[in-house]
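Below: a set of structures, written as structure tokens.
Okay, so chain A shows up in both of these, paired with chain B first and chain C after.
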Partner chain A sequence: MLKFLLKRLLQTLPTLLALMILSFLMIRILPGDPVLSLLGERGATPEAYLEMQKALGLDQSFVSQFLNYSSQLFRGDFGTSIFTKAPVVKEFFTQLPATVELSFLALLLAISFGIPLGLFSAYKKNTFWDPLLSGVSLLGYSMPIFWWALILILFFSVQLGWTPVSGRIHFIYEIPQVTGFYLIDSWWSANPFAAFWSSVQHLILPAFVLGTIPLASIARFTRSAMLESLGQDYIRTAHSKGLGVISVLFKHALRNASIPIVTAIGLMTGALLTGAVLTESIFSWPGLGRWLVQALLARDYPVIQGGILLIAILIVAVNIFVDLLYYKINPTLKSIESEAH
Partner chain B sequence: MKNLQSLLAVLIFVGCQPKSQNSKESIFAYCSVGSPSIFNPQLASDGPSFNASSQPLYNRLLSFKKGTTELVPSLAESWTVSSDQKTYIFKLSKGVKFHSGFGFKPTRELQAQDVVFTFNRMLKKDHAYHSVNGGGYEYFKSMEMDKIIKSVKALSPDEVEFQLTKPEAPFLANLAMDFASILSAEYGDYLVKNNKRERMDFDPIGTGPFTFKSYSKDSLIRYEANKNYFKTPPKVNKLVFAITPDPSVRLQKLKKQECHLITEPHPSDLTQIMKNPSLKLKQTSGMNVGYLAFNTKHKDLKKKALREALSLALNRKAYIKAIYLGNATLAKNPIPPNLWSYREETPEWEYSPSKSKKMLLDLGYKPGDLKLSLWTLPVSRPYNPSGKKMGEMMQADFKKVGVDIRLQTYDWPTYLEKARKGEHDLIQLGWSGDNGDPDNFLGVLLSCAGVRAGSNSARWCHKKFDEQILKAKTITDQNQRTVFYKEAQKIFFEEKPWVPLVHSTIFRGINTKVKAYRINPLGTEDLSGVSLSSGK
Partner chain C sequence: MKSINQLGFYGVSLFVLVATLGPILAPFSPYEIISTDAVSLAPNLAGPHYLGTDDIGRDFLSRLLYGARMSLIIGLSVVLISMSLGVSLGIIAGFYTRRLGPVIMRLTDILMSLPSLLMAMVVVALLGPSVKNSILAVSLVSIPAYIRLLRAATLEERAKPYVEAGRSFGLSDFRLMVFHILPNCLPVIIVQGALGLSEAILSIAALGFLNLGAQAPIPEWGVMLSDGRAYMETSSWLVTLPGLCILFVVLSFNLFGDELQEKI
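Up next, the complex of A and B:
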């Protein structure tokens, strides 16, 4: 187990190094100048422009900029944002809880509904339910997120008045910044229950929107994995042994189908953590995706470089966790390792 | 199951109608478009930062009278100008208190040393705070204040003197701009002692109508009314900025009373606001101009006659109808009509495709001979909400007179970078005024210095035009300056380095409960006087 973990950690080092170099180079290859982005239409005299460029360290060659950046990284310094003048690490950890809160709930929704839906669809193969559920999941999978979010806002927030339009909490609740997770921090506010409930309400729509595509994907993955599993000999054996449907489905079929499903969920988690740009923009959700896209549009080099690297570390951590889970679920991995011994 | 559903429905419904933690409190919620980059206007260069910092938290020596561009006293109660117009002495207002917070408690009121501290931070490289947090001072430098101000000196605790390197008429207007917000020198010393200098720009201490409470990045900014405000204290107890980048979502929040005021509603949403009985649409003529600039360094476009022929092809009225939905006025000068020195006598720009075609033929351009690129604005701005759509309409107009247009665009930083290098033929751009001075339009956008600075995208350097605006800059008498600026506008009309397109109307959506709100024609939000009436 420990050896497996160490091996995985070592394998990630070249990935992170490659990402560090690529993020540094790519942003500089792109046209667009951070100084001009700061100045906007206004412009500046060539002297003032050079002075600003120098202050940002952008007057140096690519190589010396890269060497400075690398030595900074080895000291644990991910740089400072050109626009907000705040350390990149601090900004990352400020945005992270909002993203984790939203992604976690979205994933929870996707798993709780996606797996049963896929399971049911596979079980009811060749009946009216299968094409219906497959159609619904295909619809969810191809839903344009921007449009979907606006429709849900118009219906649930404006027409029915059930959920708030956007934001993380109603402005009347002042909550202290303890963990950054509003579902937790709200308990420290003057009106804990109401503040907690307000933050739950604010989470519902964005989590549902963000969870739509993963829900549909998980349902489809589960269906195909289950179909494959249900066609195996051991299922026939289980049936012939006289085991009940529930036992065959959950104990035998789902357990064996879970490996591709867990892998897919692991990959989705990474995408959810960073790919929520549209959802975050519509619901004014202060997450990592929006932060990174804003930095990209403004050519905020340190945020892009540092942000990509920090997010990569996060995704690598999630993937290692999924691998460990995979290791736990799939006994063949353990036997391969012991055979190697 | 049924019980659980009912409980959930009740919880959702109850939770959707939050009650204020203290029912006597009035909280004003403003839906802003973006996140502030920093809370010190000296280091900011974007609207959201100015709205969140300079307006609620700070004051300047002078300010603009609410809803106008007229200069009025603020932290300076009066001022005198020397006969050579190079020395300005400001007498400071009495009883101005700085905010308390972040462990700092001021022991004195505003003094001249605070003004000296503020300007020397931007001016002097050896100042203890000059390099703190990057110290770019983009706005200060782009207004060339680093070249204009020679020194700032405290003559007495309530008198401060500015020595200029040259007479500069817009100087007073510049001092009313956001970047010239006055900081506390005592707070600066406090932070140095506590080894926390960099907090100066994130933990703001000013003299403004509101005090800073907290900022949840990209989400909410909270302020409290400054009860010791030296002018009339705010009528609301608290102010909240709910950062909402999407205009459609801002409108829905306004409808649901999650905001009392929204900025920049989408033109297509204006009717919805007007029709809603609990909402009101506020509007004012914007101090802006949207234009199409010709790159006058281009081998063909350097010909004045060709620029004139091309200008005749554009059906600007159609753009106003289709893109601004009628909410803009046709421009004929490079400055808006609500700015002093506007030249009424300038004739309207003619629209005549037949005349344009004939002129092009006379110049030797047969249909299809002239091929040009037209860059469409990649960002939505009040002066041009849809550059792409306008570009397509322009392309069709030019096609009618036999000119082939290739539409081109880039993301904003690239657009600016390439335009600065002069890679464009025709380019859509615009400008919203900063300080209500004509030099802020004519000098920035059309002077020879503007070519060097990259803000003159026509790359047009006209000796006689430049003389007019340089002369106007050196005298303080507004009537005399008007003469020069009108002459400059006459030259502009004759030379046609751009086609001025529109001056757009600025809109705000407000809840009918909101009282005493006035739109600032310069674009930033001043919420110091707003109040909320009770009742639904």
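Up next, the complex of A and C:
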């Protein structure tokens, strides 16, 4: 187990190192002067120019810039935002819980609807249900979610008035910072039930939007994995033994289809993060995606540099965690390792 | 299932037709401000503005039609750039597994260390938002998919007898790769091309929507969606129609890709 973990960590090291170099070169090899583009033609007085150059770390020689940059990184210093003057690491960890809360709920929705949908589709293979449900999943899979979000807002928020348009919670509730997850932290506020309900209302629409594509792809994966396992001999044996449909479907077929399904879910970190960028921007959800978009639009170079590195590290960490889970549930991986010993 | 998948072919054909004939079909110019009497006219089947006008009085149908052409041109450019680079690099990586292969694959890993839309956003923001730069950025992040597919396919083909036979006739590596391995990989390339086109159109629209791609007043569906957002409560067609167009095109290409995959 430990050996497996170490091996995975070592594998990701070159990628992270290369990304570090890339993020360093990023603002230095591009055409144009980043200092000028930040200040604008008019704001560039000689003093302001020198000050900005210093803030970006561009006032020294190329080599010493790189040495500074890497030594700062190894001390955990990912730079300071030009506009908010706050350390990038601090901003990252302030925004992280909002994105995690949103993605977690989106994934939960996607799994709890996607798997039954795929299961049903595979089970009803030769009826009209299968093409209908497959069509619906392909529709979800092709969805431009930034449009989908607007349509849902138009319907649920504007027409019906059921859900709020943006934000994480109604501004009248003051939420103490305990975990950063409002669904949990709201229980420490002055009015726990109302605050919790408010955060649920704010969360439900963005989570559904973010979960749409994962839901559709989980349904598609479940369907094809189930079709494969339903075609196996042991299913026919189970049927001929007189086992009930439910028992065959869940105990025999789904269990054997679970490994490809879990693999597909594990690979969704990237998709969730991409979706979060769009979803958060639309719902003004104060998470990592909106943070990065704002930095990109404002050309806040330190935040872009540090932000993409931190996000890449986050993705690597989640992927390693998924691999560990996978290692736990898939017995064949262990037997391969013990054979190797 | 068959009948549904065939819809993809018809959808793609319709899109290509509309995109090609767009300027002929469009009743007005997509840039000209035609109606000044109202902020935005609602769709009216009696004409002259069949799908209404946008917030500053430009004919919406014409803008949507030009938008189709924009999407097709952008999508095709992305696929052509990423496909030609990705396919060549992928075949090289699969053919020279000792030295060049690992180098190419490590570079691919770096490109894939961030989700593709995120990487494209960063590239566009640094180069400056424009149609040209969003084409470059989306092409760059679409390359890895081709490299990985083609490397795997080449590894498989390379082990087959025809390659060995070619080698024994003294064919050069270049000839083997271009005239023997490449044609045998065509099915994989075509399927990935169709799926890549739908992905490219979606990414470009997302970039436009985030103000990181095409810029107003260019009639691009993502930009139109983001422009219409401020007026969506009073003029909902400014939001619903461009999105439906994107969904229709992406869905058609995905169906078409699925169909190709089954047939090939």
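To be clear about the criterion, the second predicted complex is superposed on the first by the 311 of 341 C-alpha atoms of A that agree within 3 Å, B and C clash if a C-alpha of one lies under 4 Å from a C-alpha of the other, contacts with A are read in each partner's own complex, and residues count from 1 in each chain.
Going forward, contacts are C-beta pairs under 8 Å (C-beta built on N, C-alpha and C of every residue); 3 or more make two chains touch, one makes a residue touch a chain.
As the structure is a prediction and not an experimental result, all values here were calculated from the model.
Peer 1: Could you tell me if A:A271 is touching chain B, chain C, both of them or neither one (first, second, both, neither)?
Peer 2: second
Peer 1: In the overlaid three-chain picture, which partner chain does A:L254 touch, first (chain B) or second (chain C), both, or neither?
Peer 2: After superposing on A, A:L254 lies clear of both chain B and chain C.
Peer 1: Counting only touches as set out at the top, which of chain B and chain C does A:A216 meet: first, second, both, neither?
Peer 2: So A:A216 meets neither chain B nor chain C here.
Peer 1: Using the superposition on chain A described above, determine whether A:L150 touches chain B (first), chain C (second), both, or neither.
Peer 2: Once the two structures are laid over each other on A, A:L150 reaches both partners.
Peer 1: Classify the contacts of A:I315 with the two partner chains as first (chain B alone), second (chain C alone), both, or neither.
Peer 2: It touches chain C, and chain B stays clear.
Peer 1: Does chain B (first) or chain C (second) touch A:G161, or do both, or does neither?
Peer 2: In the superposition, A:G161 contacts chain B only.
Peer 1: Now for A:L119: first (chain B), second (chain C), both, or neither, which partner does it touch?
Peer 2: neither
Peer 1: Could you say whether A:F83 touches chain B, chain C, both of them, or neither, answering first, second, both or neither?
Peer 2: first
Peer 1: On chain A, which partner touches more residues: chain B or chain C?
Peer 2: Higher number of touched chain A residues: B.
Peer 1: Once the shared chain is lined up, is A:L205 touching chain B (first), chain C (second), both, or neither of them?
Peer 2: In the superposition, A:L205 contacts neither chain B nor chain C.
Peer 1: Quick check on my understanding: which residues of chain A belong to both its chain B contact set and its chain C contact set?
Peer 2: Correct list for chain A: 30, 32, 150, 153-154, 158, 281, 297, 299.
Peer 1: Under the touch definition given earlier, write down the residues of chain A that touch chain B in their complex.
Peer 2: 30-34, 36-46, 48-49, 51-52, 55-56, 80, 82-86, 91, 94-95, 98, 150, 153-154, 157-158, 161-174, 177, 190-191, 194, 197-198, 200-201, 281-286, 290-291, 294, 297-299
Peer 1: What does chain B use to touch chain A in their complex?
Peer 2: 11-13, 15-16, 18-21, 27, 29, 35, 37-38, 43, 45-46, 133-136, 138-139, 141-142, 144, 146, 198, 201-202, 213-214, 216-220, 222, 240, 242-246, 248-249, 252-253, 255-256, 258, 410-414, 416-418, 420, 429-431, 444, 449-450, 452-456
Peer 1: Applying the document's contact rule, which stretches of chain A touch chain C when the two form their complex?
Peer 2: Checking each residue of chain A against chain C gives 14-16, 18-19, 22, 26-27, 30, 32, 130-131, 134-135, 138-139, 141-144, 146-148, 150-151, 153-154, 158, 270-271, 273-274, 277-278, 281, 292-293, 296-297, 299, 304, 308, 311-312, 315-316.
Peer 1: Can you list the chain C residues touching chain A in their complex?
Peer 2: 1, 4, 106, 109-110, 113-118, 121-122, 125-128, 198, 202, 205-206, 209-212, 222, 225, 229, 232-233, 236, 239-240, 242-243, 246-247, 250-251, 254-255, 258
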